Every structure is written in structure tokens, then in C-alpha cells.
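To keep things simple, chains are lettered A, B, C, D, E and F as they appear, and every chain counts its residues starting from 1.
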């Protein structure tokens, strides 16, 4: 089993979820995060005083799936999340060594 | 070392923490997440217009522990979080390859 | 590739980011979390009634980096986040098996 | 400018009521234009302005209650609380127009109830009568909205709507008739009869005690008491909202109390405004200090409740006492509040926002305070004698007895009617939401609208 | 105390205006001290108090609009909406002082426009004239701020500033002159001329229809309609804020409507206050029930809009009808509201907060209602005959015709001027923000200040 | 209806005070019933209504300050700011009742201080005296609450309570006595003596300058200046709350300024209302434009502060100037505000909400403006001559000199007393919370109650 972790633009969330739906994902968990990569930060201001904000709001999407589905899901996310401009985000993949479905107690791939 | 990651119902949070306390956990970190699995979404409405919400609020609990404690902690979480209805959530387990306690600089299992 | 995950005090966030900037990180993602380890909880109150809060607010910082940079980045974070008092937090390290830069489609270490 | 002229109901009951109808130039068919009324008393405009502006302030208290209750409860029920606070005013105004007002001010039947003047129709179409209706209506709505705090976070919305109809259409008007509509309490042979200047009892204690009944019938919220029955704090989700609500209520109370002279020609209104302020301040400081002594923290929530406790307590006596007495009444109100909050928890009653100690217990205290502190400088909505005198100013126990009788009658009526109402509602439609709905929050299930859909919140 | 004396503009136009100037003891150079004016009519203080206090309440409606609009839109645009609501009042007050007020109340030119009294200067420096200005100014600002809801979440701030100048400096004053400044509509040969007591038409429908024009020219927000053109809900981010805003507006409306007698000597103000309340309540309950029938949920958002719909509808007729009619007018207002919301979505117009059905459609309905329900108990800002009578009270269709003519004229003027204005602005400066700015939110790009910088929010 | 009758303290000092006591029908024992007072002047009801309603509005400004300060600071200190804003009113009202009011209006001692009338007792139990107390009390509380913004996010709560006692019990009353209680400034031989109509100086500059002293003694918040001393923005956490607060303050200011005639028989109140509006608008627009020129963004925070700056500046001159002058005074106020904000940062003073430039600097500017723009149409709370005339209207420099002297005296007194107070408090109880408490937020440590316990927030 693998975990796919994609950090994307918040405004791409809906499209990514739709893409996952289409490609058939087993389940997905979403995080509100802030990130900083190559994308330039923002200048905000308060009562006349400007300041830089380096951490920009991002969404993180995590899917645990079978090994054979990794590529398909990665591609689905990537193509839904792409704008071509700096700040599109990244996808990382991790090994998952065990899974358990709380409701039924199933283990392993059956639990995903 | 392993990491146990459990996605649970928000209203089960307290019981899960109590179960962890009982079984003796080394530490725990909690995330506010949203998820979508087999559980049906909600219908919300605003000024007379209904809409589907697919992402439901969940809590995620993460514990890094020694290899030998994994099973015990998983079971503790699972039995505290179970209602038997769809949406109870899942538990995933990951390998952790190093740990460091910031305060003391301890490394490895001693740092957990 | 490795992922470094550091759970730190919220008020140390800025210093940790500055330290990462200095040591040259490839990118960073930040999470608002709550945690419970050895640090004692808080007593809060509402309309005359006190209650314990066990989960304290923490920040989590994640950096995916090349294997050779792990130690350097860990140390940078740890020394920026240290106060020496209970509650300083921990750093965990994970294996990352694949990466993809959404914007360009680059894979592997090039994508970090 | 004599007092009580166009506000017969509250003051003098049916007999003088006839005098009023004639005296104010209101022919049998009423004076909807207002020209006759003005001619009969050219000094009326300032009274109309006074009563209306104060009435507007009282109406604005609805916003205050909405903010306090929503702020002191959890985010998952905020939409529900706001809807309840809106709808009890909306439904209350309509029901009070149809029925409630007539029950208070209509022709008296055996001292128990008014029987005429439904729908403001017929001869009721009169500027003076509409003025009186407006005033009574915002008061009735206040009584109604108090209850929503005590039954918060677990009552079915449908049941709450039915409750709103019952309180503004029956429970409140009946008791208000007894005191302000010429009913039996206003004619007690002790003192000047049972007196309640602006409604510590009629409005607040009635609301607070019906709320107590509701809280008891509903039972505590899931999680309010742990397995050993120990009370647990369930913190409010938005303290700034609650604090703003208290400021709005304090502001609105300057309509509630001074406006209850129903005449700007009673310059006593300045004394009432001062008393209202000092009692609120004294009670709030007292509550702050008491909790400070217990927990070593400056507890804003209790201090906010303290403001309201002081305001409720001074509402009955505000026209009859002087500054130092207002301060003492406030200090006692603060003590009653803090003791009341802990007492309710001790007997396992769950009152999420403290409505019962604030409005119920302190409403009763306000009634008693009249019998103790009234200093003989103001009459029964009149600046001519007889003046009201309490025990501490040489008035003996007469007025105090009248006050105690009224307080007992109020308790029996409001708490009793409340129990019956909520029990019956429970049998007929069910009053408590399912555990699942309670845990996930009423906003989603009853309204489909979370209060803060974009914010990440911990669901407690 | 005769009506309309010092408020010539709104009531009687330029001819009587001269009478007013003399009648109120205002010499040609004006009476800035007020001593002469007071001597000429010692009963004026209560009228000044009434008008000013009511005017303060109307000003406070700005806070209500700010809260409703910010609460009903998304967090990422909250700072923008607040800035717009602040600035339309700020800019509006200054422009109205320079130009707008003169266009309404100045010497009439061919029934179309006023032509004197700019900058309150010269003989305009007079206590009565300043009073009138204050009143008209807060009304103009209300019309201006209504539009911001309809064009929310996508208009450029610069364009909005220019729009604010145009509406308070030209669009609103011209139509207000027609009705309240002695213009052609006030002199129609039907009934007592076109009548609009407190501004269902002049203020609300003008604002609502200019807003409709703006919403059409701008086009819908990104995401409001899906690829198949099906409307999607975009929930407001802070329901408690929106609810508080509605309570504030309801409170402020007691200044808007009763204060429009411009005289406390019209005791009819009590009737107006009651009607205002009942119509709001009836409309809100109607809206709640209609949506309940559709979705089985108690929809707070629509109930809040319902309050406003009822208030808007009763604004024109409030002085001329009785309680039951107010209830009926409110019920119809609730129906119009709900139908209007769905209708706009059906024709693909995106009105984020419902400003068009609330203020536009119900403003027109209020005008018509005068012609139906006026019951002959109050005149043209006068407690002496001739009184206003509508169809249902035996007044025939005369007044109704005057109302319809006014409504049509209003529609043509406001919607037409709005279309021209926004089209021209679009050509000259561009009125819509870029898609990127719209998606990330106007707060960051136009103001640099997120509304809740410390809170985690989902960016929708 | 002559001016200043029942408000002797503020107007005419101890000598005429005796006249007042008799003139108003107040026997030596006072007239608590109000019947005698009414008989002696049947026109009083409208004045009482006016003063009370305006006083209620001033009280409501407490809500405005609470919202602005909480909204402009960080979430972790919101409960603390609300508690401070509540408690300075609570404690202030009680202290002012016990001591403060007597120091302002009591029998004058050498032009420096009043010495009688503590606790409103004895002959102080009089409707006129209670009215005057109510008015003065809400003003004193305003001065007190201003400071909490300047010392926000780092002062110990206990120290703040002690400060509240000191300002309402001594610092404010002494200066108010000098200007409004018949003290030496009111008797200066220049012009009509030092004049401050509604308190640009007495209330706002005193508050602002005591706040400046507090901010200096406390030192800047952790993180306000970086290691190189460069100022950093610390954004407020809830902009809608702050904006609502400013709207509430603007609304309340219509009580503050027009109500300060203390008589509805001065029809000049309409002019005051207009001036108040225009100055606020002009200042806000000016501030918006200045920051726009610097950062190319429409800065809501500064525009909100701009409203307050304009309101503060017009508070002293509002009764003595005409519309165009109000606009000019507002424009200058906007400039002073923006310059003041940057100036304080440049000298490393940390004033989290801008209280010092808004209330302190613009309060002083308001005093000066009287000497420049007063146009000779209104007297010293009188509609009879002598009228106040400034430099630009041919009044010469006399009045201006009186104004400058008052401004200098104010600066020395308020800033000096503030410095001494905070230094002494620091020595005795310590005024600054520990770094750990400051970083984690005062809400947890001082109150145990986070403002938004269910929301995820970034702790800045």
C-alpha cells in the first residue's frame, strides 16, 4: 500500500476531488496547510504598515491506495491541479505498512 | 519505530484520547481534517438553495511508538472509535526512521 | 528522499522558518495541530467552572529533502525550536519513495 | 401631564381604563389619525417620542439576546440559536397582536384575564392604543426570548416555535394581566398592591422560570455532567459576540427601565437611568470578585452575566430607590447570580447561558427589593402621592408582603405553566433532538446551515 | 404644529418652500443659531429631537448593511465589503452635501430637478435646513449602500467609489426630487399624487434596481452557475454577523419609518411603529415557511431576508394603513422575496445577498400597496384631510394609478440609469476584477488586509 | 428655556450653580420626585428625553470601543480587551458615583477641584442632579476606555483596574472641573475662556495622552519592532468586529456631540449633527487617500481610524462651526492621524489600535480648531450672545489663545499624571505581564478563557 500526498492550490481543490472521483479513489483526507516553496509570498498591510507573508494557504490531499493504483491517481491529481504557474505544488509518495478499517476491523489492502 | 495514523469521527476524539491514556501512549498529535470515503456527504442549504458537501469533518490522531506497541495502540484506538456505522474511519501505519526530542537532543527510540 | 516532520511550539514558528531559510530548504509545509506529550495541559474556565485542556496548540513543519540534507535540516530546526523546557516538541523522519512537481511534471529528487 | 393616561392596562386596570379612553380624546371608534388625541393634550408628543424611542431600544435587546446566547453556546448550534431568537420575536409579535395584548389589557374577567381587544381591530385602531401595544409587544418578546438560552443546544425547533406561541399568547399575558392589566395582584390589600415597575417579575422572572421548567424537562446536554455526575464546563464559542450582546442588552435596558414611566413628564427618568447603571456595575464587579476568589482568574463570562443579573434585579425597583440602594441591590444580585449558577449545576440542571439565575432568581430578588428599599419618592407610575415605601424607609412590611405574594404567585404560575407546557409538548411532538443531531449540532439537521462554513472548528 | 413645515423639500416643493422659509422664522440669511426659529414655534424642540434621533437610527443602518453583506458573502471578500459599506457613506455624505441635497430640495426646474442650495452655504446655513439635510443625507446613503450587496465579491473598488458618487450625486437625488422635492411625480393628477411615505420606492427600489443593473453588467460570480447553468449556493461565511446585521437594520428601521413624519406632533408615529413590526414579522415567517415546504429545513438566511423584505414593503404604506393590512403586506412581501430569489437565479443573475428581491421588487410592491390598503386616516405628511385612500377602502383606483405610474417611472429611471452608469464605468475604468483576484479574494488584492488573518479558513 | 440650567457644573461653575439649584425648583433637599422641577419649568421633559437618549448613545460607545480594540488586536488577547472595556465602565461608574462626579461639579476650591456632592447623597438626590450625573458618568467612562487601546496586549489586568479607578476618580475629574466645572480654564481672560464643547480635549485628549504615557511606560509589545528597530505590523484579528465597532462609535457620537447642548431647546443640535457627520467623512476619506498614495491599497484599518479621528477633532468645535469648516477640520484630522501613526512608530512607541493619534493628537487639534473656525452663531452653551468667534471669522486671536492655553494645560496634566500613575503602578504592583504570558496571550493567563475556543487560529 502507498500513500499519495499532494499539496495543491486551494482553488484547485474541487477539480482535484472531481478527478479523484473519476479515476476511482478508495478514500481521501484533506488538510488545510500553509506552505512556502518557490512561489513568492504576499504583501499584506494593516493600518498603513505593510508586511510580507511567506506562508501561503495550500490544501493537502492524501490518498492511501494499492500499489498498482499509485501512478494513475498521481496523474489524475497532477493534471487536475496544474496551472503551469509557480505554486502549483507537489506530490510525494510514501509506503504504508498496515491498514485497519475501524468499522469492520478488516486489515491490510482490504481495509483501504 | 512506527507511526500510527487514525482518522476518526470528531465526536469520538475524547474517548480515543482516554483510551490512549489508558494503554499508555508516548505522545499524540491531533489534526483537524476533512475526509471522504464510503460515508455519504451532507446536504446543506443557504438562503433556499441546497447543495451537497462531500467532505465531512474528521479528526486525525497520530502516535509515533515503538514497534512492539503498535498493535496494542491500534486496537485501543479502534475499539474506542468504533460505532459500527459507515464513517468510523481508518488506521494506517508507517515506518519512522529517526526521531529527535528537541528539548534534550535525544535520538531514536529514546526520543519518542 | 526523506521527510522531516517537526512538531514545535507555535511561538517558535518564525525562528524555525528563518533557520530553514538560512540552511536552505527546498520547500516547507506547515500544519496547525494540537498535541499532548509530557507537557502538562492547561486549566481554562468558563463562567466560573474550570476544566482541563490536555491538547495544547502546536505547529507542525514538514520538509521533504534529499537524503544528504536530512541531518543539517533537523539540526537547524531543533536548535531554532529549543527552549529547554518541557513541550519543545519532536522531530520524526520518514522515507519518501517518489516525488512529482505538479507544475512541470518532474519526478524524483528533481521534483523536491 | 398626568401619569398613566394612555397606558391604562399596565397602570390602573379596567376601571380607569374607561377614563383613559375618554380622557385621551379617544372616541369609541378610536383616534387613528391622532389629531383628536393631540388636541386633548398638546403635551403628548414628547411622551410618544419617549415611549417609542425607549421601545425601539427594548426591541434592540433581541439582538443582544441573540448575540449572548449564540456566543455562550457552541458553534455547531449558533444558527439554531439565532433562528430561535429571530423567530420568537417574529412569531411572538404576531401572536401578541392576535391574542396576547388583549389578554393583558382587555376588559378584566374576575381579576384573572383580559377579554377584549384582539387584533387591534375596531376601536382598538387608535394612536394611544397602538403605542401601548408596541410597548407591551416588545416586552412580551423579551420574556419569550429569555427561555431560549435555558433550553439551548437540545430543543427541537418545531417545539420551540410552539413554545413561543404559548408564552406570548398565554403564559406571559395572563401574569402580566395580574400585575399590569388590573388583575388581582395589582389590587392586593398590602402596600400599593404588588408592584413591578419595569418587569423584574413580569418579564424576567417569568422568562427565567419557564426556562427553568424547560431545562428540567429537557434534561442536561450530552456531556454536561460526567459519569459521576460532576458538572463540566462547555465553553461558549465566541466570547466577543457574547460580550457585544451584553453591551447591547445594557444599552437596550435604558429603554426598558426609564421608558416604563410611559411618560417623559416624569423627570424621575433620570434617577431610573442612574439606578440602572449602578446596579449593573455593582453586580458585575461582585460576580467578577467572587469568581476571582475561587479561581484566581478574572472571569469575563461571569462578569457579563453579572451585568445582566444587576439589570434584572433593578428592573422592578428602579423607579422607587436611590443610588446607594441600587448599588446594594446590584451587589446582592451578583451574589445570587454566582450562587445560582453553582446551585443549578449542583442539582443537575443544565442552563447553558445562565438564564435561570440571571432572569429567574434575580427577577424574584428584584420584586423583594421593592419592598425593602422603596424610599417614598415615586408613586404607582405617578409623581403624586401615594408614594411607595419599603421596610428600610419606614414603610413597614406591608409593601414587602405584597411583593412576596406576587413573587410566590409568579413562581407557581410561571414554573407550573412551564412544566405543563414542556411536558405536553414532549408528549405531542417531542421536544428533544436525537443524540446524533445533538452531537453533530442542530445547525446541520434543523437548518442545513452551519454558522461559519469556511472556518475550521473543533467540534466539541 | 403643522406638518411639513421645515422639511419643505420632501413635502411640498419649491412653492411652499418659500412659505417654509418665512414660516419657520428663517430669514433669507437663514437662522444658524436657532433662536429665531424657536421663537417662531416653541413646540419645535420635540420635533427636532424626534427627527434627529430617528436620523441617528437610520445612520446606524449602515452598520446593519455592512454586517449583513459581509456575513452573507465569503470571508475572502469581507474586508472589501466593509470598506465599500464604509466608503459609500463617507463619500456619499460629502457628495450629497456638495450636490445631491441641492438637486432634491433646490428650486425646481421643470419638475425634473432642484437647482439651488449647494454646499449648505449662504442662506442654507439654518437650523431647519441642516435638519432637513441630515435626514435626507442618511436616506441617500441608505440607497447607495443597498447596491453593494448586489455587486458584491467581484466589482473593482475604484469603480464602486465612482458609482457611489454617481448615485448620491445624481441618480438618487433626481428621483427623490420627483417624489419628495416637488417634482412631477408628486404632482400627478391622480389621488394625492404619487406617494411614498418613507421610501419603499425612492430609497429601496432605487437602490435595488440600480443593483440589478450592476449585477447584470458585471455578470455572475465565478462558480455561481455550473457548466450546465445550474445555480449553485455560495454560502455566507458568518451567519451570526449577518443575523446581527438584520437585527440592527430592523432597529434602525424604526427611525426610517416613524421618523419620516418629520414631526413628533403626528401621534400617528405609534401606528407606523406597529405596522413596521408586523409587516417584518409576517414576511419573515412567510419566507421561513415557504422554504420549509421546499427543503424541510428552517432556513435562517431566507428568514433574515424575509425581515428585510417586509420592512421594505411596509416603508411606503406604513403611515397610511392599519395593523391587519401591514400583516398582509408582509405576507405578500415574503412571497415576492422567495419567488424573486429563485427567479433571479433562473435568469442567471447573481445577486449574492438578495438585495434585488428584498429592496427592488419589494420596494415596488410597497408603492402598489399604498394604492390598495391606504385607509383614509392620514394625509400627505399631514394629520388633516385630504387623507389617502386606496382601492380596498373605497378610494377607487385613483391613488393606485398614481402609484403604478410612479413605480414604472422609477423602474425606467433607476434600472436605466444604473445600466448606463455601469456600462460607462466598465468602458472607462473596467468594473470587474480579474479572475485571479476574484478567486483569491478582493481583500488581498484591493486592500491587502484579510478579514480574519489568524483564523484557518477554507477558501471557497 | 434658557441654557445650562440644570447642568451647572459643565457650564457655569459654582456661582451660577447656586442659581441653578434654585432656578430649577430644586430645594436644598433636592427634588427626587421631579414634580417640583417640572412645575418650575414645564418645558423640561423634552430636554430630559434629549439628554437621556443621547446619554444612552454615549454609553453604547462602550460597545464600540470594545469591538474596535478587540478586533484590532490579536485573538489571544480578545477576552482580555473585552474584560478591560467592560470593567473600566463598571468600575468607572462606581468610582465616579463615589468620588469623580463630586470633584467635577462640587463646590469649587481655588479653581482647581470640586469638593462636594459625593455619592449623590443628601441634597444630591434630585432629578436634575441625577441627570447631570448620568451624562458626566458616561463621558468619564469614555475617557477611561480610550486608554485600554493604547496599553493593549501587555498590561496586567490588576494594574488596569487600578488605573481605571485613578482616571475616573481623579485624573479626568480634575481636568473636567477646570473646563466644565467652573475651574480656572473656564475663566481664562481670553475669548469666552477655554472652550471645549463636547470634549475633544476633556474626554478624548485626556484619554489619548494618558494612553500615550501608558504606552511609553509599558514599552512596545514583543515583536512590534524588529532587531533593527524597524516597526512591524501586528494585524488585528477580526476586521469585521473592528468595523462594526467604528460604526457603533459613529452612531454613539451623535449622542456625544449633539447631546452636549444639554438642551433640546437649542435647535443648533441639527447643525451639530451635520458637522459631526461631515468631519468624520472627510477625515476617513483623507486617511484612505493618503495610505492609497503610499501603498496603492485601499486600507480599511486606516479609514476606520480616520472616521474616529474626524469625530474626535469635531467634538470641541461642532457647535460653533458650519459645514465647510467641519469638512476642513476633518481633512486636517485625517492628515494628523496618518502622520501620527507613522510618527509614533518612528519614535518606537507602540499604540496597538491608534488611540493616541486618534484621541490624543486630534483631541488637541479639535481644541485649536475652535479658535480658528468658530463663526459667531452659538454661545457658551447658549443661543444668546456672547457668541464664540475664531480667527477666520474676525474674532482675532483671543479665543485661539484661550484654546492654546487649555491645550497646553491639558497636555501637561494628562500626560504628566499618566506618567506618574503608570510609573507608580509599575513600582507597586508591576504593570507588564511576563514575556511568557504575553506570547501565549493574556486570555489564558489572566482570564482562563480563550475568546474563540473552537476555532483554529494561528497564534501570532
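Of note:
Here is the rule we use: a contact is a pair of C-beta atoms (placed from the backbone, for glycine too) under 8 Å apart; a residue touches a chain by one contact, two chains touch by 3 or more.
Which chain is which protein? Per UniProt: A, B, C = Nitrogen regulatory protein P-II; D, E, F = Ammonium transporter.
This structure is a prediction, so every number in the text was calculated from the model and none was measured.
Where touching is counted per the definition, the chains common to chain C and chain F (Ammonium transporter) are A, D.
A repeat of the C-D interface exists among A-E, A-F or C-F. It is A-F, with more than half of its contact pairs matching by residue number. Annotation: D-E is the more contact-rich of the chain pairs D-E and A-C, by number of C-beta pairs in contact. Rounded to a whole number, the gap between the C-alpha centres of chain A and chain B is 18 angstrom.
Our note on geometry: chain A versus chain D (Ammonium transporter), Cα centroid distance of 53 Å, whole angstroms.
Residue positions 46, 49, 53, 235-236, 238, 244, 295, 297, 299, 301, 447-450, 452-453, 455-459 of chain E (Ammonium transporter) each touch two or more of the other chains.
Residue positions of chain B with contacts to 2 or more other chains are 31-32, 44-46, 50, 94-95. Taken pair by pair, the chains that touch are A-B, A-C, A-E, A-F, B-C, B-D, B-E, C-D, C-F, D-E, D-F, E-F. Remark: chain B residues 10-11, 32, 42-46, 50, 57 touch chain D (Ammonium transporter) in the complex.
By the touch criterion stated above, chain F (Ammonium transporter) contacts chain C in their complex at residues 439-440, 444, 447-450, 453, 456, 458-459. The residues of chain D (Ammonium transporter) lying in touch with chain C in their complex are 72, 231-236, 291, 294-295, 297, 299, 301-302, 305, 338, 341-342, 345, 354, 456.
Those residues of chain A that touch chain B in the shared complex are 1, 3, 17, 26-32, 64, 94-103, 105, 111-112. By the touch rule above, chain E (Ammonium transporter) contacts chain D (Ammonium transporter) in their complex via residues 1, 43, 46-47, 49-50, 53, 57, 74-75, 235-240, 243-244, 246-248, 250-251, 254-255, 258, 264-271, 273-274, 277-278, 280-282, 284-285, 288, 295, 297-301, 303-304, 307, 322-324, 327, 375, 377-378, 383-384, 387, 452, 455-460.
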